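Shared between the two complexes below is chain A, which has chain B as its partner in the first and chain C in the second.
Up next, the complex of A and B:
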């Protein structure tokens, strides 16, 4: 089949998804997709489309996550998965280097860089935009991290247009959309919802085109595009939550004092769940794993959270000793100071911090309080 | 493959000086010249304990010798301060911004340092002395808690003996044997001969000392834009990726540690930022 035909995309029923998984596996990728794991949908390896969450949806709210039966036999009706793709490019823990005593000297043994070609089916627009944020920190600065760069290049993404945002979603107000930016992915998948769903697959990278060329399928028709566009429109309308970027930034920049955050700090457990599930959070620490004889030590990079008092420790104590100070840092970083640091937004509107907060703190509601107060003054 | 910013280089310690009871200077001679700008820092590593950011205190014009001065105040710095000649000093860097030695050309330079804060400024002083004709008057105001906490005593004696440097040393609380000046370093600013209109001030010390110094310099007729200072925070990477050193939107390891005062003055006023 010619490249020109391939660039026009593929359409088909569930068998198109089958072909996609088969083709990606044949090209050497570990394929991952949404999958029911216990009581949540997680990003897990799949080798069969039957493993996708057919007719399962999530009900998300502040401190609430439930799986429910869905009326349509579709696979991508769910909202953001519990964890984003962040762990694929920036794992929770990895070895950097081992230093070993050799007489009076110390020998340096760099850890090997592992990057397994991985294809994610069903990447959402919010999570793809969050990868841009990770790229800015670990790839596009003056000191690219070779581990990150290798894993990022090994990551193949099949984006999916959201047709049923979760109640906690607010990506549109953050400059995102239910239809992912094709530039953020290799392939873009549209699930047209009905009793017998239809799938549209379009390529937006050379790698994506290669996969598409190896796949059978019909051409995408004009009626397909009309249906997709209608579905996008309905999904946008269904997303009622909003946290406007400029208003939130101005309000949080003005909220300088810890007093402004004491009420929310009363409820915040400083448990670090929000920073664990946030797809843009990047903070790290490096810890020692010494050998038993004290002759060597491995330096291990781990996720860190600004909610830990140790995070800001200097000789004499923590800079942000109070929970109010730490909550202020987290919210101002996400909504106000991030753009100055990295030239893009620190919050993509996935709503995970709200869903997975055990105290049910609603990030949007808390930020909106600051916006309202700013407007009153 | 991309250069890995997390892989350090060990260098053999060739010289160690005890500056004070808890402060040491460690000198290594890197195999290849270690080029840095005055004010930049390195991450220094202690086996099994971790890394800390330490300013380079040596002469930028002598890249064959890499010099750090550090105070033993915690787990990592205790181990670093205990290293002896012949041991490996494990280094990553250099990182961060530098003192405005280019912008200060043709100007008078006022150095105000407190305690170990003289370390990052020592590299600037040595740079200015190496290019003495490029600068106007040079005054070094140095304060320490006691006369036993004065770092770089040999340097201060040497600089104080020159006709082209004005050195003023003061201690908060002198021992019975101290016959020098007593009082905070800000008190000697108005005793120093400099033209506020054509001076660049470079300040390093505890944050409270730097705030007071900036205020005293303003009272002496200087504008905030003529004042530079260097900040310190917890750092795990040195390259803007660990997030620990944030002060508001500033990533101190990447955007600092040396800042024009107006850029960070509003941030330094906010508690727990």
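Up next, the complex of A and C:
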């Protein structure tokens, strides 16, 4: 098939997804997709489209997540998965190097980088935009992290357009969209919802085109495009939550005082769940683990969080000693100060911090309080 | 014979079940490596040898429940350079601290034919209530990985890195779906000091609070989420399972009971 035809994409029924999985596996990728794991949908390895969450949706709200039956036999009706792709490129814990005593010498043994080619099917627009934030920190700066870069290059993404945003989603107000930016992915998938769903697949990178060329399928028709854009429109309309970027930034920049965050801090557990599930958070710490025989020490990098009192600990104490001070730092960094630092938004509107907060603190509602207060003054 | 210059390690027992000391024995292979680097000066579970002080590192298990023990811990403090308490009994009084609000004399009469032979205090208190403690290792029992980390760090002459962070952090690191949020079941993880690697949530059980309150524990904020998924008695029981007299857990238990009275 010519590149010309391939660039026009593929359309088909469930067998198109089958072909996608088979082709990716044949190309040597470990394929991952949404899959039911206990009580939630997680990003898990799959080798068969039957493993996708057919007719399963998530009901998400502040501090609440439940799986439910969906009326249509589709696989991508769910909202953001419990964990984002951040785990794949920046694991919560990794060994960096071991220093070993060899007589008078010190042997340096860097840990191998495991960058297994991985294809994620069903990557959402918010999570793909969040990867831009991770890239800015770990790849595009003056000191790229080779471990991150290797894993990032090994990551192939099949984005999916959201046709049913979760109740906690607010990506559109953050400058994102239910239809992912094709530049953020290798392939873009559209699931046209009906009793027998139809799939459209388009390539937006050379790697993506190679996969598409190896796949059978019909050409995407004009009526397919009309249906897709109608579905996008309805999904945008269905997204009721919003946290407008400029208003939020102005309000949070003005909320300088720790006292402004005391009310929310009373309800906050400082459990760090929000930062752990946020796809743009990137903070890490490095710890030493001496070997049992005292002859070596291994340096381990672990995820850290600004909600930990230890995070800002310097000689003699923590800079942000109160929970209010830490909440203030988290919210202002996400919504106000990040853009000056990285030229991007710190919040992509995935809503995970709200869903997975055991205390049910609603990030959008809290930020909106600051916007309203600013409007009043 | 040349003088043994290796640091002296002593393990002391107070009111406890020995489970924490057994964690040390459970280290087996690793313990042999560590054992080579220290002189075991006192460790009744492992050896009958008793060497005189002073001791470089004293590991203390158990709580203070008798006048004799209250004196003995002072003696141990005087002869120890570093005193590290291990486990829920030593750091928070243990489950035996349930007696702190009961009538001990009454209980003694109910249990023993000759209660007059007993010489006990009315309370079970953590070691830190009696002497200065250099480091506390939490857990019921302690985590052997944490214990080994502390010992190997100290032997290497560097401060141990025991993070004061709640169990939720371990859940997220392990990729465990939150039990409280996704299943609506009670979990003390958000107020509990980590260290177990989220053992219970990984096996689909809510956290029982073995490691006691995290430094920043906010039981007031957990009261409502717990009340939404569990009965007040269940919450109260959870808070008094392992560290009943840890201050933040007592607050959590009281809130659960108060909430019940309000409704």
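Just so it is clear, the second predicted complex is superposed on the first by the 374 of 377 C-alpha atoms of A that agree within 3 Å, B and C clash if a C-alpha of one lies under 4 Å from a C-alpha of the other, contacts with A are read in each partner's own complex, and residues count from 1 in each chain.
Here is the rule we use: a contact is a pair of C-beta atoms (placed from the backbone, for glycine too) under 8 Å apart; a residue touches a chain by one contact, two chains touch by 3 or more.
Everything numeric here is computed off the predicted structure, so don't read it as measured data.
Chain B and chain C, once both complexes are superposed via chain A, fit side by side.
Contacts of A:287 after superposition: both chain B and chain C are touched.
Legend: residue contacts after superposition of the two complexes on their common chain; A:297 is shown touching both chain B and chain C. Contacts of A:317 after superposition: neither chain B nor chain C is touched. After overlaying the two complexes on the shared chain, residue contacts for A:358 are found with chain C alone; chain B is out of touch.
In the superposed model, chain B and chain C sit 70 degrees apart as seen from the Cα centre of chain A, a figure rounded to the nearest 10. Within the superposed three-chain model, A:271 lies in touch with chain C and out of touch with chain B [touch as defined at top]. In the superposition on chain A, A:82 makes contact with chain C only, while chain B stays out of contact range. When the shared chain is aligned, chain C comes close enough to touch A:42, but chain B does not. For the pair chain B and chain C, the least inter-chain C-alpha distance in the overlaid model is 5 Å. According to the touch criterion, the shared surface of chain A, contacted by chain B in one complex and chain C in the other, consists of residues 287-288, 290, 294, 297.
By the touch criterion given at the top, residues 30, 33-34, 36-37, 148-149, 152-153, 155-156, 158, 161, 163-166, 168-169, 172-173, 175, 177-184, 187, 189-191, 204, 214-216, 218, 220-222, 224-225 of chain C touch chain A in their complex.
Those residues of chain A that touch chain B in the shared complex are 96-97, 99, 101, 104-108, 110, 113, 137-138, 141-146, 149, 256-258, 282-288, 290, 294, 296-297, 299, 301, 304, 306, 311-315, 319-322, 325, 328-329, 332-333, 336-338, 340-341. Interface residues of chain B, counted against chain A in their complex, comprise 1-10, 12, 45, 47-51, 73-74, 77, 86-88, 90, 232-234, 236-237, 239-244, 246, 248-249, 251, 254, 270-273.
Taken in their complex, chain A has these residues touching chain C: 37-40, 42, 63-66, 82-83, 87, 92-93, 266-273, 276-277, 287-294, 297, 302-303, 305, 308-310, 323, 355-360.
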